[in-house]
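In the two assemblies presented below, subunit A is common to both, partnered first by subunit B and then by subunit C.
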Partner chain A sequence: MSRENPQTQVFMINLKIRRFDPDENRSWIQKYTLEASRIMRFVDLLRKINDEQDPTLAWVSSCEHGQCGTCSMKVNGKPLLACELLVENAIYYFRTDTFYIEPLNVAPVIRDLIVDFTKAYDRVDQVKPYIIKPVLPRSEGDEFPITPQELERYVNATRCINCFCCAAACISSHETFLGPNAMLNSIVRVMDPREQEKEQRLKILYGYQGVCRCHSSRACSFVCPKEIDVAHFIALAKEGRITKLKS
Partner chain B sequence: MNKRLRIDSTLECDLLIIGSGGAGLRCAVEVLESRPQSRIIAITKGLHPQKSHTSTAQGGLAAVDPKDPADKIIYHMFDTWKGSDCTADQNVVRKICQAAWEQILWLENRGMHFSRDQTGKLSKRTFGGHTLNFGESSAYRAVFEADRTGKGIMDTCWGESLKRNISFINQAIAVELLFKDDQCVGCIVFKQKEGEFIRILSRATVLATGGSGQVYKVTTNCRQNTGDGLALILQAGLPVMDPEAVQFHPTGIVGPGILASETLRSVGGILRNKDMDAFMEHYAPKMKELAPRDLVSRAIASEIRNGKGILNPDHNVEHIWIDLRHLSDAVHEKQIPEVTGFFRKYLNLDPKEELCPVHPSNHYQMGGIPTNVFGEVQDSTQKTVFGLYAVGECASASFHGFNRLGTNSILELITMGKFAGDRILAYLKDTPEKFPEAEGDISVARFSRYLESRGGDNIGQIRDEMRTLMTESVGIFRTDEGISKAIDVLKILRHRADHTALSAKSLRMNQELVQHWELDNLLAVSMVIAQAALYRRESRGAHFREDFPERKDEFNYHTLISMEQFGTVEFGSRDIDMSIYNEGGQFYDKFDVIERKY
Partner chain C sequence: MTSPVVKRPFERLILSALESLPVAAFYAKTRGWPFVIAWIHRLTGIFMVVYIWFHILTLSSLAIPSEYDAKMKYFGFVFISFLEWLLAVPVIFHALNGGRLILYEIFATRNDESMIRWVFGLAVTYVLLLGLLMIMGNQSVSPIFFWLTSLIFSVSPGYLVASKIWNTASSLAWKLQRISGVFLLIIIPAHLLFMHLQPAIGHESNVVITRMQSKFIKFVDLTLVIAVLYHAGYGLMSILKDYLKFRLLQNGLTILIFLMMAVFGWIGIRLTLTL
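Moving on to the complex of A and B:
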């Protein structure tokens, strides 16, 4: 086989990054220009900036393959996971080689692209993302039977990773709406046949900060990195069609 | 000493969990279910517990269903023993395999969304190295949540912790364990967001900091897996066990190294070289693609070495193919959607139509902080360190010996987390509620040094050089010459790191400051991996010495290694527990030191 390095396309990329320094309470936009190959990801670009140009640019990632939802940010206005955006796809999708990168507007910025996720998660915590009161299994040492058909109704909603891209894209006010991902976490446990608690569940979902705040713009479904049709589940909740299959 | 650095405040709790992944939180919930009044603090380096590495585990969770007429716990025990290359501890293997199904039900009853069969029961699938009747045929033993089983565990353990009011401190790192009269009494923690040190005094402390995959250039591990727990233990003068046992997953996706789960092979994916030869039949005629990970990794690396690889133009890496084109649409869409999605997303190709490029990627550390079967940390004389526990990938009990079977790691997380929780409950009951005072002085000095050092080097560049070095010289294939050279270079890298100035001196969310600390941890872990690999002049499981390709009985023990000064190590050993064999019960002969052939 050929051992020499085969040619691959190289692009010159401009990144205009929204920065924030908490020590001086100062915000500005900084421009970086760098070389990038075809299937480099945006997290690779940020790392390249740290290693070659500016170690102070703060950003955060974890799994870097779309499973944890840590590296969410806005690129040219669109909330997405930086680990999933390839250079060639970004150029094709946005029709430019200049990208404006800013933190998600779902909680206060700590520094540069790092958002205070603990505060963002407060809204998820409010919907109680667990089984409040479990149905006891039929007998000790047994699983609760759930047919694939029943699971199929809500399994997509369980795939949410709380990256908050949907919350950033949502046109409803963040003050009054707990957010699409929080709704999804809530809906899962309403549809889960193992949850016995009804009153609390419905109060959260149909309360003051619940689905009534949704304007049905479907922005959540449009940006979801896991391709979950978030709006579909919220619509089901609005129609009251999220009761359990058997009841 | 930098004047801005000081320990600002002190918190007190019954239990401190360092690392909020699956193992740490499973342990915390066990304590809270029996003792709801317990004050528990859990810290995580990441943005949030849900972002932990546990969330990325894909394939499944091994457990023998007592209602399964074909499968037996003894088979699972045998497979784990054989897979470990006869280096797992049999008392641990027995305890975990026996508790497995109960722990699956624990998760299911608390809302984990396991995949189901037509009757509504938990679905099961086969996985590499798991067999019926001592190697006769593949066992359907892995329960799973599609290809996001780890996420199911993480969500469940986090949800239950939240429900029971644990105090979480996110984006915080544990920088120094505190001791008083040989008892661990807590930890000094640096809160990244605020740039503050705090002292946490706790009656019991659990290390659950995860693995050290960032030692290697290509890894399936999260960016935060920098061996912090191991470095913390070494800093405290305690030993690490079997660090040389590092697993390389056979099928990392070319480029980012993302894990392409064994599931791809268990549903029928075929590995092919550049001549389209399905080469696994030459290396493991019986198990083929489903042979244990180290065998498959070495088979792939050998094919590539023998000129049977393909060069990827974008990443300039040689690889082989995994062929998924013959699988039905139903398999693609229902069983492996997330994994095949990776190929689409990161390589812009369609696995239904095209071959997928993969090569071995660092995946798991079998070794770690030595513990007994209850997760209690041991010193170099195997005495228990009071008040200190370790669970999950950072710990080694040892369930995996020198090679881990797929689906056994997340099983270990939940079972060892539970066992440690049980032990902590007893410990809290038996010990007084007072908090011994301890100061802690290393960490402030260390961070002060980072802030004040001068020099033009770059932390990221030193880290990359270390990762390339470890991959080339202390990776899948190892030699005396290569490892010795690596040890010398690691010393130079450490010297360079000491003479690297930070670009910004702020304490608040200064990622370069934390990366400097992580680099020190990575270098310490790399050093003990290399030293232990040099010391073990044989091949065993994932540790493969080209100059000593056979396993040798004289090395039938666990390595213990401590390092108080960088580069100066002290070796010890721990016997491998062979209680199943020694008891001489039915099938005891299967648990002798046997040959490992598939």
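Moving on to the complex of A and C:
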């Protein structure tokens, strides 16, 4: 599989990519074989294919630093960020040099690896991922104080980048459940002391598309690229602890 | 991209065997073992829904004792006894794993890997104990004492769960699913143990009918039928809602499930009250 010393090791990688042509409404698997160094990321591999083999392969990325969630896709079935997956880690983890790459199944595919995130975001938008009715600071120009204890309870959940990896991995599918990331976006605002509007949030959170659809399979926590224990926050909501400061 | 840490050598052995199973290994790698366990929970649940319908239909022949005795002759065969023993596997797994989920969701028990070890350890212990009792086949216990004890041990955690979740904003149906689940967690494995203390307890119509003359036993059986069918119905409906897109279809099938459960509930309740 490899040659040269470990520092300059080069691998021959096989990528089997699920492609989709919307003009002909045709889907197929295309195989690419390419040389890759150990610290190349999967976005680099896709770019290399565009540069050297096939400029028609469509995929999308933005920050390429694991902060925007744009390049989420499935590699050998696991939802992840292509900008975070190094070739050597992938070979070690999946114990193969052949990788099957497909788009996330959270929204319709536009072309090849690009999904319509607008449709996926529709589900997140339903939980109103913003502060609806903010508590005003004591006097104008002041900042709103949040104690470290309060912040500690939910700060990890604020790191969600809505990459939809959790939604793609969830056992509950996407037909009724709004998704783990949507729940997280709602829970964060319920736990946020700056938010006054709790009632309509709780109505959605505990409604038929809310936390009752979660079966605690914990796949969301397993795949989360930001290592957020999503299942923990959803369980807090089920337990009814998100509205109280102390347990 | 890390796998859960497994410290014990025998666990490594078991995991490496499990990782050779193609489907389980794939999902363990891409979603984690709790995801695989969630699927097993779901599949054992579906299996038990079908079994409970079969079980109620079989018991309904108690109305004609000779018919019941004729059916029960088959349960004397070694192979059928073996299948009865195997039935304990999905039952105890579903019960204990349900208990684990209750602990995770409602009692904030986050050391889930440890809980998974307990689920498998206790499940194996229970299945072996049941097998031992079936082989011995000569145990006896006062039904009132057994069921009163079982009921106390089932109702207590049920009450505990109810008091924890009752004031949350979750729907009543979801709360009842958790409460019925924790109630059944004890009483169903207890039911299975009791029925296999000796063959006559479940296989001879006169023994069953005599036992069911007690108002207390009738009460236990009625509670059991209602809790099982509610839990099964909600579970089925929950699975359907995960995969069906259209509300109309979801609601239509929910009504169908409700009707199915109501029919089997009626058969079970009528049998219990008329014996």
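Quick note on the criterion: the second predicted complex is superposed on the first by the 237 of 247 C-alpha atoms of A that agree within 3 Å, B and C clash if a C-alpha of one lies under 4 Å from a C-alpha of the other, contacts with A are read in each partner's own complex, and residues count from 1 in each chain.
The working rule: a contact is a pair of C-beta atoms (placed from the backbone, for glycine too) under 8 Å apart; a residue touches a chain by one contact, two chains touch by 3 or more.
Please read these numbers as outputs of a predicted model, since none were measured by experiment.
Mind working out whether A:E88 is in touch with subunit B, subunit C, both or neither, as first, second, both or neither?
first
Would you sort A:G240 into first (subunit B), second (subunit C), both or neither based on which partner it touches?
The answer is second: A:G240 touches subunit C but not subunit B.
Touch test for A:A169: subunit B only (first), subunit C only (second), both, or neither?
second
With both complexes superposed on chain A, which partner does A:I39 reach: first (subunit B), second (subunit C), both or neither?
The first partner, subunit B, only.
Is A:I110 touching the first partner subunit B, the second partner subunit C, both, or neither of them?
first
Looking at A:D23 after the superposition, I want to know if it touches subunit B, subunit C, both of them or none. Which is it: first, second, both, neither?
Once the two structures are laid over each other on A, A:D23 reaches subunit B alone.
With both complexes superposed on chain A, which partner does A:V223 reach: first (subunit B), second (subunit C), both or neither?
In the superposition, A:V223 touches subunit C alone.
See if subunit A has more residues touched by subunit B or by subunit C, and give me that chain.
Subunit A has more residues touched by B than by the other partner.
Where on subunit A do the contacts from subunit B and from subunit C line up?
Touching subunit B and subunit C on subunit A: residues 89.
Hey, which residues of subunit C end up touching subunit A in the complex?
Within the complex, subunit C contacts subunit A at residues 1, 26-27, 29-32, 34-35, 37-39, 41-42, 101, 104-108, 110, 112, 164-165, 167-171, 174, 238, 241-245, 250.
Show me the residue ranges of subunit A that touch subunit B in the complex, using the header's touch definition.
1-3, 5-8, 21-23, 37-39, 41, 47, 50-51, 54-56, 58-70, 83-84, 86, 88-89, 110-111, 114, 116-118, 121, 125, 128-132, 134, 137, 141-148, 150-151, 155, 158-159, 161-162, 189, 192, 194-195
Within the complex, which stretch of subunit B touches subunit A?
46-48, 50-53, 55-56, 66, 102, 104-105, 108-111, 113-122, 146, 148, 151, 155-156, 158-160, 162-163, 168, 170-171, 193, 222-224, 255-256, 258-259, 274, 307, 309-311, 313-316, 338, 342, 345-348, 458-461, 464, 502-504, 506, 508-512
Would you pull the subunit A residues touching subunit C in the complex into a rising list?
Against subunit C, the touching part of subunit A is residues 74, 76-80, 85, 89, 93-94, 169, 171-173, 175-177, 202-203, 205-206, 208, 211-213, 215-219, 221-223, 231-232, 235-236, 238-241, 247.
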